[in-house]
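Below: a set of structures, written as structure tokens.
In the two complexes below, subunit A is the common chain; its partner is subunit B in one and subunit C in the other.
On to the complex of A and B.
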């Protein structure tokens, strides 16, 4: 035990120690820099999704209350094979869905509302200002193809998401790190959606409803953000896919368990 | 060295230390943000911030834990230890900002109290991916808070050093909790192998350094035998001790530092009264034993700090015969143990 000795309260350190400190600090800075780049670059779940926060727009369309409130907006000039309308999920601010009771009275009617757009790929949603939703004076003609088409009984593996965060309010907004938020959102009325990643092509989003087409928010909370398998009746309404199954038949896939 | 307490007793080295610490923190945060924004332009700012601060707090905790064993392996690292307290406080604040961002984005705006939500929202589901990971982070933050809040020397003397030391050993509990927090949290979601490898490497580094330092210390800790009739123990040869430095021996389970200076030999307890720093790795500066950790000083003859300071370490009686140093294994708390004078041979 000999050699230079560092005393913090002395103004200047021994030159040999000073050299050592400089090398030490440079090394630590490089390590820090390396980790900053590595850890940032290695993130894998940040997708392309948008919440037009601060930009409020006006929307008009036909209200559909079941299984979750959504807005049907006819597309101008649509014809032939293309679907003649867009579907917007409707939710309330923060971690809340719209009150299903008050929406039920508007079911099938044309409404005007103000809100903020949320979108990811083809999935679109409006964070509506609840007080702005009013029955419109003019009634829109329901577009062709609005009735549900059955796609039969099918089985899917996927993850239950809260649609609001995943479609754009939070990015990344999925999986275990985000689970508590998703549970709070879904229990607050945000529509639960099953995300199914396909080997080829775009991911599928299936709106989860009970066998009799009712909301299942409270029944799915324990299954959120984990791999699950769901078998049920699939229906298509325009671009919206609805998966109808009794939540007690959902199966947790323990792929990540030992 | 305080006779009165001030918030921080600034000096040049502390200023440099803190300046470098803050620069490092800023550099990390900016680079993390820029890289994330570049590769993932649609990222939510709140999540970017929570991740930048969370990862940095965890990284800094690794450094904090490694400094101790590094210093035992090579005393030059003591420059990193000197103001480690500010590193700890910084780590707490980084963790706090992370937690505040989490609570504000993930837990607020729902139907239950956002803090309660940390504990009740996720229920145990029986699967590994379903283990609620956020309470681990919460308890780790509590520990970091306790440590940051009591980091000042005021608390050290008011809580008494043993309690303070025990409290600050909880840092290992905090680290363990955070390993669980990350393992059951982000590693389940950002399932990239590289993330897991990085964390495992961090954990292994911390463990390996502690093992190496403990092994090194155990080697030096062999209890002395060779008790003489007068009760004195044969400790070492005078030539084993470098001038103005010490040699540490183990006597009746206590470490004793034997210093050689000015043609004299003195022995004192190896344990600094400030934060248990190893006095035997210190040096005699201006006639005083100077602790290698934060530079507290003690007179080798009496074990007392020079006025106005009031710290005191135990001293031991020593004798020198035929070039060998003999130490009486009972510490004296009340001052004077006459140093042994070395006669020129």
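On to the complex of A and C.
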């Protein structure tokens, strides 16, 4: 009861209280700074992805409408075993995909379109202006190997994400912090993709489709951004991987380490 | 009146001082990690690819981009030659980047169209690229070409792989 007493309206605090406060402030500042540095060092680096916002370009290729509209762009100079075409996902502006039904009349035909590039690693997407997608006057020869090749029935652990955000529109466009946005995008028709991370190796992206090769946007919404296990038929179309499975068979992984 | 209140506040803040950092640490430690796979299904794995040995490795082959190039030779099939290219994460961010081989030593500018004699080796991010036989016996250039932009991104110095000459 004989210690110093702090009085807020006094000009100068008691020296003992002053020393105590200075020590406390310095200690808390050091702890805060150390903790901030530690937390920052623990974070993963965000991936390198690009959305060329405001830059419209022209593209030509062969339209494939199912399971989600995508553009086949022949690679010049391809021969032998090299894959002779690239595949660009096609989406509409904002949180909308292109309707596979409305693209059906252009399926297999050469089209011209305008749009904005989105890319990450070797995944490329075009945010197409829907009115600009027109059948081209010149027909491209379908490149060799355009048919889907079955890779059999496989099981993958991964995370369902909306391809548009993850490939470049949002960064980081994955996991729980991005979940609400991903659900909106996928419900708007953006192709859902299963991101499969390997312990050693590049990540894989598998386009999710139903067993009969139709979009599964509305069926996967409650599993977006969650660890899931999906077993289904894998098909390869050039470098594009398609995982065909009934969404009711997707299994949520609850364990900490799969 | 004021001392018991201060005493109570002191206890509350001491308790929060312990509880909040613990709750934070607990939350961080028990976050659900991203699922990762130890290995891919056999039909999708590269484990079946032929075993390759590195003949040489170079950086500085390209003028603008810090691309590391490995020249690989099949350990069992000595006529199999591959190329591995890699670049630091935030360099060379180009849409749909392709790697081409152009024989000879033509002068190629970034504004030029892709030369007609270009041979596609594959996508830059597509793993090891098989080299054509022509690339073994003649001088040539490696060309990085963005298919989405229809633009040459970078051209290597002339290289003859088998003799390791630059």
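Basically, the second predicted complex is superposed on the first by the 211 of 258 C-alpha atoms of A that agree within 3 Å, B and C clash if a C-alpha of one lies under 4 Å from a C-alpha of the other, contacts with A are read in each partner's own complex, and residues count from 1 in each chain.
Going forward, contacts are C-beta pairs under 8 Å (C-beta built on N, C-alpha and C of every residue); 3 or more make two chains touch, one makes a residue touch a chain.
Being a predicted model, the structure only gives us computed values, none of them experimental.
> Looking at the overlay, does A:75 come into contact with subunit B only (first), subunit C only (second), both, or neither?
In the superposed model, A:75 contacts subunit C only, not subunit B.
> Where does A:36 make contact in the superposed view: on subunit B (first), on subunit C (second), on both, or on neither?
first
> See if subunit A has more residues touched by subunit B or by subunit C, and give me that chain.
Touching more residues of subunit A than the other partner does is B.
> What is the contact status of A:175 with respect to subunit B (first) and subunit C (second): first, second, both, or neither?
Both subunit B and subunit C are touched by A:175.
> What is the contact status of A:157 with respect to subunit B (first) and subunit C (second): first, second, both, or neither?
A:157: touches subunit C, not subunit B.
> State whether A:48 touches subunit B only (first), subunit C only (second), both chains, or neither.
both
> Quick check for you: in the superposed arrangement, does A:198 touch first (subunit B), second (subunit C), both or neither?
Only subunit C is touched by A:198; subunit B is not.
> Quick one: classify A:239 as touching subunit B (first), subunit C (second), both or neither.
second
> If we overlay the two complexes on their shared chain A, which of subunit B and subunit C does A:249 touch? Say first, second, both or neither.
Touch status of A:249: no partner.
> Under the contact rule defined above, give the subunit A residues that sit at the interface with subunit B and also at the interface with subunit C.
On subunit A, the residues that contact subunit B in one structure and subunit C in the other are 42, 45, 48, 50, 175, 227, 256-258.
> Given the complex with subunit B, which residues does subunit A contribute to the contact?
Against subunit B, the touching part of subunit A is residues 1-13, 17, 20-21, 24-25, 28-29, 32-33, 35-50, 93-96, 169-181, 183-185, 187-188, 221-223, 225-227, 252, 254, 256-258.
> Contact residues on subunit A for subunit C in the complex?
42, 45, 48, 50, 57, 59, 73, 75-84, 86, 88, 117, 119, 121-122, 124, 151-152, 154-159, 175, 196-199, 201-202, 204, 227-229, 234, 239, 253, 256-258
> So in the complex, the part of subunit C that touches subunit A is made up of which residues?
28, 30, 32-41, 43-44, 46, 89-90, 93, 95-98, 100, 114, 118-127, 130, 132, 147-149
> Give the list of subunit B residues in touch with subunit A in this complex.
It comes out as residues 1, 11-14, 20, 24, 27-29, 31-33, 35-36, 39-40, 42-44, 46-47, 51-52, 55, 59, 63, 75-80, 82-83, 105-112, 117-118, 121-123, 125, 127-130, 132-134, 184-186, 188-192, 194-195, 198, 242, 245-247, 280-283, 285, 290, 292, 294-295.
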